[in-house]
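Two complexes follow with chain A in common, the first pairing it with chain B and the second with chain C.
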Partner chain A sequence: MKVVGLALLTVAFVLLCGLHLTAGARFSSPGLVIDALFEHDARNYQHVVVVKQRLTRLVVAGYSGAVLAVSGLLLQKTLRNDLVSPSTLGINSGAVTFAVLGIYFFGLDGAALFWPALAGGLFAIAVTFLAAGLVSQGGRDPLALILGGTMTATLFSSATTFAISLDPDRFGGLMGWLVGDIGNFDYQPLAFLWPIGIFGTGVALILCRALDLQTLGAEQAATLGADPRIVRYGALALAIPLAISAVCVVGPIGFVGLVAPHIARLLVGETGRIAMASCALIGAIIVTAADIAARTLLSPQLLHVGTVMALCGGIAFLAIVLTTLRRRIA
Partner chain B sequence: MTSHEKKGEPVLALKDLSFGYGGSAVLESVSLDFRPGEFVAIVGPNGCGKSTLLKVIAGLLTPDQGSVLLGDRPVGSFSRKTLALHMAMLAQTNEAPDGMLVADLVGMGRYAHEGWLSRGTAQDRAHIETAMQTMEIADLAGRRIGELSGGQLQRCRMAMTLAQDARVLLLDEPTNHLDLKYQYALLDIARRQAMAGRSVIAVLHDLTLASLYADRIVLMSDGRVVADGAPADVLTPAHISAVYGIGTVAMPFGRAIVHLPESALE
Partner chain C sequence: MRREITLRLGRTVHLPIGLRFAALIATLLILLVATSLAALQLGSTPVSTADIVRWLLSLETADAETAPIMDLRWPRIVAALLGGAMVAASGYLLQVVARNGLADPGLLGISQGSMAAIVIGAAVFGLAPSALVWLGLAGGFATALLVTTLAYRLSSATGLILIGLAVGIVLSAAIEIVMVQGGILQFARWLAWSHGSLTAVSATNAGMVTLWAAVLLPVCLIASGQAMPLLLGHEQAAGIGASPKKLSLLLTLLAAMLVAPVVASVGPISFLGLIAAHVARRLVGESPGEVMPVTMLIGALILISADTAGRTLFLPVIVPAGILISIAGVLTFLIAARLSRSHR
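Coming up: the complex of A and B.
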């Protein structure tokens, strides 16, 4: 049953990849795409478009969607809170602030931004936990964590704006990244960062079973044989670098990490490695679809993928919050 | 029934155990032995430390003084996974995600037996199936947790605990959420687990049920063991009065001892 779900998702993703490579300001026929991939002619402008503009974007979209989704799933499971994700916990915003500071003070770029971004993500999640602790006064209200995350995200966005205002000219070319976007050269940092995604997702799949046990409560999980501390810190230690590796490439694309685990839960259920693999595929599908929409909706004008995601994801976020509230009242 | 004294070496020994949450003592110099084949009920008023005792035994809390020995090793020296091969616990919470399938929940009992790759072996499946049949939940296998009643969920969680196939079973108020039929059924199953050679330790509220099913009762009050022995020796009006502060009349009824309040009988 679950395997069928995963197989269908794989087929859907492959078809979407095909659509992604053919669609754009100018439609390329499937035959042309296949030629461009397997009998590439560097002098054929259309071949160049398919490979240099679309294939690179497709890889970036698939990678960021998948790792953000896995990151969100890890966070939701370990914190036992359906509303958390890299964006709603403020991790993405913290990463952007520190990356901008890294650019401003040290002139960093590309994959080197991973380190300041990681520091920012860790700092932001610490602030979120602190703020949530103050809000709920030690209680475990799922909304308190989101409130803390929203406060933190707002705080860091303001800090980002301030840092940019110090030298607006220098950050002019970064506007897309700040909103969250896939650019034609994003594959360059990804060429360095992809091992983080492969390694992180691999370890997450191994840890998956122990994480599933945490959903029964820390004490029950411990007596079943999963050490809660190792699992909890392990999940955080994976989730944060995974999200940061995507943020460094595409910017703070929100909501994928929140929505993908929910869709996976509906399609293939709650537990197991197949559910986690499906979640990664769903994340890849979402961002790839958003990129197709961003390139074609107002064609030849390009939209930011972050804008498309914020519009669709914002609505999904509202729906999830309302369901959570309704379940709590019931 | 005092047969436990003949049943060989204790599988679990608590030696002079003390535990406190930040200064205030919850357990004070508790020493107890548990033997294979024994069903021990721990009873006492609310807040007497019986659930805390179970958590200390399970290694979830570290004692301030004294030790918990499983065989000849302190419980704290085992990794959680190794400990789970020897000791299973039905915790008091009923946390479980709504979307999880019953079969997956019961399967979690096998975690400690799984390797990185050797999940779902024939042996795992056999234990899961037996546990589900024992708890009469085989027909619920494909249902989601969110669709279950509180009692059904509790039976599923008990099946998960049984699937763990451990020689020590710790049950924290296992009859929670269960109606009359399944309260009896669950305790009967617990007793049969003991007869099969396991050591079963259950925190129970209901003294009548405890006397009816347990081989031995440990009566606690204010973190100390007040009495420990066969139900008839422990559940006397004098002990009940000392621990619960009410006068009762004890009515033996077969194995069971029913305590009725004097005030209601006048």
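Coming up: the complex of A and C.
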């Protein structure tokens, strides 16, 4: 049953990839796309568009979606909270703030931004826990953590705007990245950062069983032979760099990490490696679909992928908050 | 017993006024006047006090150098004072209606609702600026109703805020989609507006805000006296003869009305209502008739200080007032959330 689900998702993803390559401001026929991929002619303008503009975008979208989804799933399992994700915990915003500061003070660019962004993500998650502690006063209220995260995100995005207003001309070209967008040259930092994603996802798949034990509670997990502390910190140590590697490439695209695990739970359940692999696929599907929507909805005008995700993801976030609250009352 | 003085007007009107309250109002007014004068004086071209006094006393005979600078600065200061008071009053009304000390027009998505209506009205339907305020009012009120209905019966303080934030995110994304079509220049302008900035305020805007403030602020002061029963909770309020549903609806409408003109000219200033009402309640207690005027004065003081600081401290960079306020606001929010927890 689960395998069937995974297979169906794979088929859906492949079909969506095909759609991604053919759709755009100008439609390319499937035959043309196949020609462009297998008998590439560098002088044919349409071939160049398919490979240099659409294929690179597709790779970036697939990578960032999968990685953000895995990161979200890891966070949701370790913190045992359905509402957490890299964006709702403020990790994305913190990473962007520190990356902007890195650009401003040290003139960093491309893959070198990973280190300040990582520092920012870690700092932001610490601030979030602090804020949540202040709000809930030691109690374990899942909503308080999200409220703390959202406040942290607001704080850091204000700080980002402040840093940008110090030297607006310098950041003019970064406008798309700040909102979260897939640009035509985003594959360049990805060329350096992809090992993080592959390694992180691989380790996450290995850790999967131990993580599933965690959802039973720390004592239960310990009796079943998984050291809760190692697993918990290990999962956090995976989830944060995974999310950061996506943020460095595409900017703070929100809600993928929140929504993908929920869809995966509905389709294939929540335990096991297949669930995690499906989650990664769903994340890739979501961002690819958002990218198609961003390129075609108002074509020839481009939308930011981050905006499309905020629109759909915001509604999903609202629905998840409402169901969580209803469930608590019932 | 609290010390009081009684204001007697003829034989029939006897208004007891708390001494502490009166002293507080006087202090805040003095602070406001001082800050406004400082705001007129400071800037990339400082103007001497003597020049300002001369300009204030006689508009016609002001010398040729001062007048143009003042023409740039006074609309901004008027908008900051009145806008600050209006947003703060709106925040306090929402806190009373939602019985949640964390409510704020920016956090509940009401400002974003106004903004979305204004942006769509202007960009898609090409409406005239005078109609836009009404549209913003409708958008804000609709959003307020949506958010409070969704949160109704959930009786969770954090839940209301999270629902408001989620609605705000969706609305901001919708605005962004409209704004992106106007090219990068419009997008950049929107980024500044979306945080709340007084840079672009003109004399026309200031006039519009003044007109609305002249009508709404007195209404607020009167309404706040009637809002007392709501603090008891809906059943209790109905028990002593108030009509909580009607009252809540009217106060929500008033809150949306207060925000709309400010959003149209300055942008949403999130957290301002939260900070002002929180500080005011710390200072004078819970009685709405006293909290409301103090909230307004504090809101005006915060916005004008933030704007003046933003345009003078970091020269040649000008920082939008909204950014400074939201950084201060997040910290206040966390402290307020903590205090309201331990209060219970």
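Note that in this section the second predicted complex is superposed on the first by the 330 of 330 C-alpha atoms of A that agree within 3 Å, B and C clash if a C-alpha of one lies under 4 Å from a C-alpha of the other, contacts with A are read in each partner's own complex, and residues count from 1 in each chain.
Definition applied: contacts are C-beta pairs under 8 Å (C-beta built on N, C-alpha and C of every residue); 3 or more make two chains touch, one makes a residue touch a chain.
Because the structure is a prediction, the values reported are computed rather than measured.
Asks: Of the partners chain B and chain C, which touch A:126 in the superposed model: first, second, both, neither?
Replies: Neither chain B nor chain C is touched by A:126.
Asks: Compare chain B and chain C by how many residues of chain A each one touches, and report the one with more.
Replies: C
Asks: For A:11 in the superposed arrangement: first (chain B), second (chain C), both or neither?
Replies: neither
Asks: So, does A:37 touch the first partner chain B, the second partner chain C, both, or neither?
Replies: neither
Asks: Just to be sure I read the superposition right, which of the two partners does A:3 touch: chain B = first, chain C = second, or both, or neither?
Replies: Neither: A:3 stays clear of chain B and chain C.
Asks: Applying the document's definition of touch, where does A:151 land relative to chain B and chain C: first, second, both, or neither?
Replies: A:151: touches chain C, not chain B.
Asks: Which partner chains sit in contact with A:216 here, chain B, chain C, both or neither? Use first/second/both/neither.
Replies: So A:216 only meets chain B here.
Asks: Just checking: does A:326 make contact with chain B only, chain C only, both, or neither of them? Give me first, second, both or neither.
Replies: It touches chain C, and chain B stays clear.
Asks: So, does A:162 touch the first partner chain B, the second partner chain C, both, or neither?
Replies: second
Asks: Residues of chain A touching chain B in their complex?
Replies: Listed in rising order, the residues of chain A that touch chain B are 80, 206, 209-210, 212-213, 215-217, 219-220, 222-227, 265, 269-272.
Asks: Enumerate the contact residues on chain B facing chain A in the complex.
Replies: 55, 58-60, 79-81, 83-85, 87-89, 91, 93, 95-97, 99-101, 104-105, 108-109, 111-112, 114, 116, 119, 160, 164, 170
Asks: Which chain C residues qualify as touching chain A in the complex?
Replies: These residues of chain C touch chain A: 150, 153-156, 158-159, 161-163, 165-167, 169-170, 172-174, 176-177, 180-181, 184, 187-188, 191, 195, 270, 314, 317-320, 323, 326-327, 330, 333-335, 337-338, 341-342.
Asks: Applying the document's contact rule, which stretches of chain A touch chain C when the two form their complex?
Replies: Checking each residue of chain A against chain C gives 131, 134-137, 141, 143-144, 146-148, 150-152, 154-155, 158-159, 161-162, 165-166, 168, 172, 175, 179, 298, 301-304, 307-308, 310-311, 313-315, 317-318, 321-322, 325-326, 328-329.
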